[in-house]
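Note that subunit A is present in both complexes that follow, paired respectively with subunit B and with subunit C.
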Partner chain A sequence: MKLTIPAFVGRIAFSALAALIGAIFALPLLWFLFAPFNARAELGLALPDPWTLNNFVTVFGNSYAVQALWNSFIQAVGGVILVGAAATLAAYALSRSSIPGKGAVTYILLLFSSVVSGSAAMVPIFLIVSAAGLMDTHLAVILTFAGGLLPTAMFILRDFIDSIPKSYEESAMVAGASPVQAFFDVALPVIRPGIVVVVVWGFVNIWGSFLIPFILLRSDSNMPASVAIYSFYSEAGTPIVTLLAAYSLIYSLPVIALYLFVSWKFGFRFFGGIKA
Partner chain B sequence: MASVEFKNVTKSFGEFKAVADVSFDIADGEFVCLLGPSGCGKTTSLRMMAGLETPSSGKILIGGEEVTHLHPKDRNIAMVFQDYALYPHMNLADNIAYPLKVRGEPVAQRHARAKEVADVLKIGHLMDRLPSQISGGQQQRTSLARALVYPAKVYLFDEPLSNLDAKLRLEARGFLNHLQRDMGMTAVYVTHDQAEAMALATRIAVMDQGHIVQFASPIEIYRRPATTFVANFVGNPPMNLVEVEGAQVDGKLALKAEGLTIAGLAMTDAIGKALTASGKLTLGLRPEHLGIAAAGAVNTITAPLFANENMGPESLVTVDRGDSARVTARIFTDDHLDLSNVVTLGFSAEHVHLFDSAGKRIPALGE
Partner chain C sequence: MTTEPIEAKPKKVRNFALLSNRAGAAFLTPAGLLVSVFVIVPFFWVIFVSFTNRTLLGRTALNPEFVGLANYLSLFDPATFFQRGQFGFSLILTTQFVLASALLGQALLGLLLAWLIQTVPPWVKRITETFVIAAWILPEVVIGFAWFAFLDRDQGTLNMLLEGFGLPKGDFLLQQPFWVIVVFNTWRGAAFSMMLFNSAFSSIPPSYFQAADVAGASSWQKFRDIGLPLIRGHIVTDLILITMWTFNTFTPFLLTNGGPSYRTELVSIYNYRVAFQDFQFGKGAAVGVIMMLINLAFALVYLSIGRKKKVR
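Let's look at the complex of A and B:
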């Protein structure tokens, strides 16, 4: 194909613009990769000289910071198990049974979900958790997140299950399986990619959230990493950039690892229906 | 193997009756086809036999026992689904052996049995593949294998061949016919393909709008269709239906219609009754009973030629009597037919079918 001169110039201009925008987005990422290995890191972008792991040694020496990572893990995994299991069962029921008005139920839940984990509901949530005597426990955080994420997770999964032909379970039941057997043998394996999506999404949500654990937890020993990051400030309130950068990198690794694992194992592909 | 019985079964979806007060008896070892146009309630009837749908009223019996509200798993039936419903995460061996797995058979045994059935169906070499890794015809046979792997009381088929191409369909049809002869299974087979029904069934239930219009052997349905609906549904091409004016002349039935000449037919009481209700009758003629009329023939239909299609062993000659009232003749010749613009088709009186103004068959003399 031959390009006319104006079209050619246009392409160059477009590519240059795209490159510029790309660079603007890449800069913070580069800082994020370089700063943790730089003993004299500042907010400006600089190549580490020399490269060092000292920042990490300091972070791992800080027992509060390490404990916080573990807390994040407990809360995220706990929340994800609860959301994954409950959403799968609820979405399956909503999709397969013929309850009148089930569509309305899902939409109303979805509407409220943005409220539950949103800041508007913080005061009632605080009061409920405190009345239940769950203040300053992992369970409080896990339950709150489960409540907040469940409707959306149900919604995603219900859509996913709706697209899977009923004839899978029906053929299993005709072949002699009970509904429970049909669910575990046939439906669950086919739904699994959808569950994985929900689990990853839930994990990332809980792992990165600050407000809810900050409000529901008291003691340092329960705080997750998202809150602990704030411990890398000097008395004067200025951030200790070196430690902050190293900790941030560690903090983001589980999420990256999760994405890589899932896309390696499942490829984010769905195999819903078969070709008719 | 067992019999199947429907007693006044109705299934409503809201106001709409998908199956309306249907009763029939299927004897042990019969292969019954439910035949009818789209939406007439065939699948719904089949699903009620399987227990996947509960009748709104009425009773269903399998092997003489009432199963109306029994869960599918407790009915001991096998079913082949239209979309095959092969489990995408299991290989063929596990797919075919699944019914044995839920029956608690050990792995080695059930895989051996699955292989046996798969070999018969010529998919034994594919046991390690996933359903997505085999062709449509192989998927169809896999779903068949899964239904045949355990002894069931009744085998249900919901248009199992409709996703196959024409050649594979003929092959699979022949195989099913062979299987039926071999096993003597009780089977209910849903289809909207009349040729499939004619080829496979020991009896056909023709359905229309939730009702069974006729339930009889293929030959009976072909020779004596109970209504114009059945006449128009069975046969390829279907029976020609010509609106005629009937009157009694000199003790004989005289029929009048545009382009039609026909000798007086013998009167019967049934014809007399139909005539008193209304002079309007419907004359039915199968395409294969029409030919190019010999000179001086008495029973003829004359009209402008509409189409002349040569199909190899036969030709379809269609004439247009105006207002899209077309009449097709199926003429068995492998020669090209040279026809003029106006064609006269002839038939013999013994092949005449008569229907009254409501579309019900008027029994011929001696029926």
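Let's look at the complex of A and C:
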């Protein structure tokens, strides 16, 4: 179809507006493209002269900073292993068994998971962790996140499992497999893409979070990167910009990598929209 | 969060389930335990603590006393309620913050973006989407620091641009902290609304728009008469979700610390200050209870809409 002139102008205007909004969204992030590679970076936008990796060398020479990245990794991986395993089992049960009260359980979970947010429940979470004697441990952060992320993870996976025909497992059971065997050998491989989505989503959530570790951890040796980043401030409280910029970039890389992985593999859709 | 509501009656056509009840219960146990301890117990525990004078340190840390409604009365004390740094001030601030940054900012901007990227060339769409989504997926502390640098009075990118256009520079974090966090939260969260509306628009049969094109409709007419009415359900879902998230967000703390002089102290930040800086757990718990009640109201509306959709 040939475009009329007003329609053509309209399309250009639309493109220009979309590009402009995109540019405005990019502005606060531009600084991050340059500062990490500039040995004399300040808060202003400036092209590095010369481009250097010195800031990264300094970060990796700082044992506390490296430890913090490792702590983030432990907490995020520990959390997603728990979430992935527990959510898969539970979602499978919700989808494939006929336990009485299934509907009520789902409704209650849905309700509580949206009512009990981290910022509303910080006091009781602190008290529970404290009463359990888990204060200032990785386990405290791992368990808290596992509990908080599980309801949503279960819904994602239950929807996913509901969409898989039961005949897969049925034929396995006709061939003599037990229900548990049918789950591990037949259903699990088919569910795997759903589990990957849940695991990536959980990892990004835990990796990036600030409030929970900030409340539950005390000692420097347990702090994840999100909290430890505040150690790159001088005594006077001004940020050491070069280190902060390089560290922020390193800390963001796993999130960017996972985003690219998911959008390449599945087409980025909604899973990330779900925040705990 | 799924909107799939719950089927009231499981189909009883055949009494055959792949998983026996015993196995099903075993499969549910690990998740059940974790969710109970870290989601359901906190809900009831916070209510209990809110009726005590528990503190973080000192005598009442170990042996808190029951104080009845004292915490609630001090939150709602009419003499101080609206003063800066008090609960009422914080609650009103949060309401304005949700209205301005979620309902107006994120939803409208998301709607505009979703509509724009339906028609623009793919490369424009990809670039725009990349930055909008980047603002949303990057870790919150990184974003907080990026904005700190962006807004810096002397060198920040924003002031550099303003100067370039011949406009006066400003120390926005000091002068307009509220509008800073409104813009910040709009920028941070618009991606969700954009993606939700984008997928809603894509689910409309293209023939509707083609028919409108033949009739010579403008983009605005197509938006108003076809797009908007057909995604009404998605808009309601979006508004409720972003309202709840914005109401509970703690991220502005990373940019402003709740200051200067409490001017950006949202309820989540107020809760943190009362409990973990003033060490008044009982009062902090009372704030938590009120936040949860507000969340509950929104969640019930959300779930009832989900149910109605299923029935229809």
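The rule is short, and it goes like this: the second predicted complex is superposed on the first by the 250 of 276 C-alpha atoms of A that agree within 3 Å, B and C clash if a C-alpha of one lies under 4 Å from a C-alpha of the other, contacts with A are read in each partner's own complex, and residues count from 1 in each chain.
Convention: a residue touches a chain if its C-beta (ideal position, glycine included) is under 8 Å from a C-beta of that chain, and two chains touch if they have at least 3 such contacts.
Quick caveat: nothing in here was measured; it's all calculated off a predicted structure.
Enquirer: After superposition on the shared chain, which partner residues are touched by A:V57: those of subunit B (first), subunit C (second), both, or neither?
Expert: So A:V57 meets neither subunit B nor subunit C here.
Enquirer: If you stack the two complexes on chain A, which partner ends up touching A:G44: first (subunit B), second (subunit C), both, or neither?
Expert: So A:G44 only meets subunit C here.
Enquirer: Per the overlay, which chain contacts more subunit A residues, subunit B or subunit C?
Expert: C
Enquirer: Could you tell me if A:V9 is touching subunit B, subunit C, both of them or neither one (first, second, both, neither)?
Expert: neither
Enquirer: Check whether A:G176 is in contact with subunit B, with subunit C, with both or with neither, and answer first, second, both or neither.
Expert: first
Enquirer: Contact-wise, after the overlay, does A:V186 reach subunit B, subunit C, both or neither (first, second, both, neither)?
Expert: First partner only.
Enquirer: According to the stated criteria, A:L33 is in contact with first (subunit B), second (subunit C), both, or neither; which is it?
Expert: Neither partner.
Enquirer: Would you please give the residues of subunit A that touch subunit B in one complex and also touch subunit C in the other complex?
Expert: In subunit A, positions 170, 173, 273-275 sit in both the subunit B and subunit C interfaces.
Enquirer: Hey, which residues of subunit A end up touching subunit C in the complex?
Expert: Interface residues on the subunit A side: 10-11, 14-15, 17-19, 21-23, 25-32, 35, 42-45, 82, 85-87, 89-90, 92-94, 96-100, 102-107, 109-128, 143-144, 146-148, 150-152, 154-156, 158-159, 166, 169-170, 173, 179-180, 182-183, 204, 207-211, 215, 226, 229-230, 239, 241, 244, 248, 251-252, 255-256, 259, 268-270, 272-275.
Enquirer: Which of the residues in subunit C come into contact with subunit A in the complex?
Expert: 1-2, 4, 6-8, 10, 15, 17-21, 23-25, 27-28, 30-32, 34-35, 37-43, 45-46, 49, 109, 112-113, 116-117, 119-121, 124-125, 127-143, 145-150, 152, 154-158, 160-161, 187, 190, 192, 195-196, 199, 218-219, 244-245, 248-251, 254, 268, 271-272, 275-276, 281, 284-285, 288, 291-292, 295-296, 298-300, 302-303
Enquirer: Quick one: which bits of subunit B touch subunit A in the complex? Just the residue numbers, please.
Expert: Answer in residue numbers: 50-52, 71-73, 75-79, 81-89, 98-99, 101-103, 131-132, 136, 139, 146, 150, 156, 163.
Enquirer: Name, in rising order, each residue of subunit A that touches subunit B in their complex.
Expert: 165, 167-168, 170-178, 181, 185-186, 189-190, 271, 273-276
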